[in-house]
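Please go over the structures that come below.
You will see two complexes here that share chain A, one where it goes with chain B and one where it goes with chain C.
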Partner chain A sequence: MDLFFQQVLNGLTLGSIYGLVALGLTLVYGILHVPNFAHGAIYMVGAYVSYLTMVDLGYNYWVAMACAAAAVAALSVLCERLVFNPLRDAPPIHDKIAAIGIMMFLEAAVQMQWGAEFRRMPTPYTDIFNIAGLTIPAQRVLIIMGAFSLMAVLHLFLKKTMTGATIVAMAQNREGAFLVGIDANRVAMMTFAISGALAAVGATLFAPINLVYPSMGHLLIMKAFVIIILGGMGSIPGAIVGGLIIGFTEAFGGFYISTDYKDIIAFALLVVILSVKPTGLFTKGVR
Partner chain B sequence: MTSNTTIKGLFRRLACAGAIALAAGQALANETLNIGFTGPLSGGAALYGENTLHGLQMAADEINDNGGFAVGNETYDIKIVSLDDKYSPSLAAVNGKRLVQQYRTPVIFTPHSGGTFALQAFNERDNFLLMSYTSVPTVTEKGNKLTVRIPPTFTGYLKPFTKIAMDRFGKKLGIANATHDYAKYWTKTFVPVWEAAGGTVVADNPMDYNKSADFYTGVSKVLAAKPDVLFIGGASEPTGLVARQARELGFKGGFVIMDQAKIGEMAKVAGGLKALEGSVGVVPLVDYHTPGSDAFVAKYEKANDGAAPTSEVAFNYFGLYATVAAMQAAGSVDDAGKIRAAMAKGLTTLSAEHNPYGVETIDDKGGMVVDPNIAVVENGKIKIESLSEVMAD
Partner chain C sequence: MGALQKVSGFIMSPAMKMLLILLAVLFPLAAGNEYQIYVMALAFVWAIAVYGMNIVTGLCGQLNLAHGAFFAIGAYTLAILTVDNGWPFWPAFVAAGAMGALLGFLVGVVSLRLKEHHFAIFTLCVGFIIYLLMDKWESLTHGTLGIINIPAPHGFGLVDFTETTPFYYLALVFLVLSVFFASRISHSLLGRTFLAIRISDDLAASLGINLMRNKVLAFVLSTTYAAVAGALYAGMVRFIGPAEADVAHTFDMITYLLVGGIGTLMGPLVGTLVITWLTQSLQSLEEYRMIVFGPLLVLLVIFSPRGVVGSFTAWRARRRAAAREQQARQTASEKVPPQAGASSIKKGAGNHA
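Moving on to the complex of A and B:
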């Protein structure tokens, strides 16, 4: 039974990080209407900013997280202004190519500046709780709590504030949003900023139990794509539920069937869900 | 159109001047000898590839700074031509063709077995010497006449690793190493040795070290079978992470570490040598303490802000010096057959500081011969034993 609950914990840890990254991806999808392939690289930059603020500048974990969120939000806005905004009237394929270009640029730039080596980010929360045979490292608790509270805050922001409502309106119907006088530029920049900040916080939460290196984004971005397809492109509950589904599938599939096959299990599940509900679990008006 | 012709004329004159300057420069300077390299310089294995390339570059820079090397009446400077193959054998083959045809490289270095096998398909026909940095024994056992395997094969480690781990911790082995070809090959050769010594394999659960976001699931699956010893290994840092998570999940036994991972680098990630108590693996060069290794380590640390050299750097550094020594012994820089044949003779002329691992000679098939040391972590410290000593007990 211990082992079962251990897998529940693993599934929650993975699922909450996947969900957080997928959330950023799904939000930007509402603006771009194409998946932002650069999101994984943005996540990676977030991890590097936190790492450097903590290790090289010696600030504490939370300051580093805030710095990373701010820096990456700025970087995302910059991408929007310099790349995606000028392309807003171009065919969607241009956005895709531009996103891939940004991804390659960021990875190459980081590798050139800081090298390809693996780095380990320290965390102040190194305690390991052992409760009834269950191993619970403090950092993992932090990941789960941090991710879920961030999701809750985001939900409240989108549903309860006027600024949040403009983002939702824009994602649901672009022309309609223009007609009621929503400033598209402002909303686009804000969405990119939120998406970048989410990725940076996710990276800072997750990096201490993993490693920091230039291609670290690939791992999560593949999963995040699966998640937003699974949950429905542009759907926020879809990203969260999708993240948890993939997280639990990996944990339980990996444990009870085979670690080698955990990705296959996740993709098989995707096929099953899409054949039952081709638009994803939670799709609304957004295409 | 007059302006156009003047510009054209200007270009022509400039080009002429440039060509003359170039020709004059060449007459005074050494000949340039291109040496090829194909390895992973981007993607997950980029660090590994860069380290191997760094070793070659370091040796080349030293040789060039000392005025090049003489073969016959000519003096040569070395230029390393490096191409990225992203760890893919097919790209390595494409790069190999390009290096030979475009850059006329008589020697090509590659740091992976897949690339080696791909290049072996045409190296004898295209007449280039393949310097392979991999410890997979089959790269030299297939009878390719122009292949040199730079490090010792890993098969020598299997018995002593088994003996040390089994004596201290017990006979139940859990397999949790990586899933790439090299790791699979290790598992396939290691398991029979472990079983022949009376051990059993209680869990077999390799994990993709490069594509897993987290190892908790995989590691807890292996630990559920209650192994005494875990067999782990892939790139050093993820391997350290696997060891760390195994300890977090309550594992008290020992680790047998595949030779790709280095204990010193693992310790940084795993949380110090204490977490690796009871590990057996290959020795970090900094702990060798032979005259050759000390000289090399000191030189490397001075040039790299105190960073310790990895075995990738050291073996490839040695590999280039060995190649140059062989060229000098053969009296040829482009006849791959002659260079290969003169390799043993060349090795005898190599000075200790260019041979940090103390490679003694090369066997008929092209494998470098060395009595490697192995590292055991005991009471939070690395203890060094040579292979021959362990087996003599």
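Moving on to the complex of A and C:
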């Protein structure tokens, strides 16, 4: 039974990180209808920025997280301005290829600058709690709390503020948003900034129990895509629920089925679901 | 202007194809060393795979991100059959192509129910599953160690394909066959059908085109090309590992295709050769080639989405249309009384539109 709850904790940790990354992806998809293949590389850059601010510059964990969020948000906005904005009216295949181009560039650039070796990110929170036979590392608690409070803040921002409402409006109906005078450029830049910041915070939270290396975003971005397809592309609650589904499936699948194949589980799940229901699980109405 | 037109006319003529083949046949004699022949043969093998990608992505408009994985499936099928099961090369080669077609059919039937983004993401995941299987299924694929000592193509006692130059000619034969087959497809009703699907699913369906059947056919054709190229690659390099299925290969192929000209006949070959030799000339770049390729892809889709060949044919079509219009205007003003001139110009312009 302890082992079972240990897996619940693992699933919750994985799920909250997946949820954060998928949220950024789904926000961008909702606004621009671009599947941003570069999001995983953006996440990776976030991890490197916070690693370097902490290890090389010697700043505190939270300062590093803020730096990473700011730097990556700026990078995302730059990508939007330089690449996705000029491709607004191009056929959809061009957006995808351009996103792949950004991804390849970021990975190669980081690898050239800092090498391909794995790095371990230090964290000030190394305590391990023992509650009723459960071993709970403090960093995992931090991940779960951090991710969910960030999701709550994002929810409040989108629902309660005017700027947030413009993002929701544009995702719901592009023409309608233009009619009421919403500035498309501003919303697109803001969405990219938020999506980048979420990825950077997710990376800084997750990196201490994982490793930092140039291709660390590969697997994560593919899982994030699985999540937003499951949850319906562009849906915010869908991304969070989908993230938890994949997190739990992986934790339990990895434990009860096979650790070797645990990364396949998410994809196998996607293949099965899309074979049965090509529009995804939670999508409403017609395609 | 006359000379320019003659050159561009020659490039489009059948004589140019003969010249290209002749140049390719003579290349080993002109090459400075064996390494250059090796690089060229490898580029030919990749070009065959890119031709496959051109069918499903260029003609039919479906971005298949599992293409590199199907290349690896061809390579692994050949390697497993020859090394572990003792098959001779050529039956295993045919089996590799068949395996590519079969798996392509299975994946295609499921994945092509999805549209655009969903399809691209789905195939990305399929490619990754294939990669993970090759990495983890040790009893079948030897895991991360890969498979070594793959036999070279059997020469029936006449030629020795372990040598570079004979293999070069073998790759050339397969490349010429691939280009010929690709040109037959793109000029046939089937090719037009694929184009219609690329332009609009709904429009194609309203013309009575069976979307699913044609998309699956395009997909199977492309995976067969990829698997055949993969099998040739295994016979040439003679060592393979799970890295062959890495998604980076798919991205390489997208770059080749986009540089050459997506959806054009000679684009895949031009793109592959240009990028291969560019990378070769910048040896130090090999590992970090993506630093150049990444921004190159972005710049191409923004500024020149047609690629080298596509831009050339578009430029030529414009010039020819302009020249014909001018000619029509001249004959009209010479032969027809001024009153009737205007209407015949209109007619002439209408013919070319």
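Simple rule for what comes next: the second predicted complex is superposed on the first by the 263 of 287 C-alpha atoms of A that agree within 3 Å, B and C clash if a C-alpha of one lies under 4 Å from a C-alpha of the other, contacts with A are read in each partner's own complex, and residues count from 1 in each chain.
Just so we're on the same page, contacts are C-beta pairs under 8 Å (C-beta built on N, C-alpha and C of every residue); 3 or more make two chains touch, one makes a residue touch a chain.
Computed from a predicted structure; not experimentally measured.
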item	value
Touched partner set for A:260, first chain B, second chain C, both or neither	both
First, second, both or neither for A:271, with chain B first and chain C second	second
First, second, both or neither for A:87, with chain B first and chain C second	second
Which of chain B and chain C A:198 touches, first, second, both or neither	neither
First, second, both or neither for A:101, with chain B first and chain C second	second
Partner chain in contact with A:225 - chain B first, chain C second, else both or neither	second
Touched partner set for A:128, first chain B, second chain C, both or neither	first
Touched partner set for A:147, first chain B, second chain C, both or neither	neither
First, second, both or neither for A:64, with chain B first and chain C second	neither
Overlap of the chain B and chain C footprints on chain A, listed as residue numbers	107-108, 111, 218-219, 260, 263
Touching residues (chain side chain C, partner chain A) in the complex	57, 61, 63, 110-111, 113-118, 120-122, 124-126, 128-129, 132-133, 136, 247-248, 251, 254, 258, 288-291, 293-298, 301-302, 305
Of chain A, residues touching chain C in the complex	29, 33, 35, 37, 82-83, 86-87, 90, 92-94, 96-98, 100-109, 111-112, 218-219, 222, 225-226, 229, 233, 260-261, 263-264, 267-268, 270-271, 274-275, 278, 280, 287
Complex interface listing, chain A residues touching chain B	3, 6-7, 10, 13-14, 17, 107-108, 111, 115-118, 120, 128, 130, 135, 137, 206, 209-211, 213-215, 218-220, 223, 250-251, 254-255, 258-260, 262-263
Footprint of chain A on chain B - complex, ascending	42-44, 46-47, 50, 179, 205-208, 211-214, 216-218, 220-221, 224, 235-238, 241, 248-250, 268-269
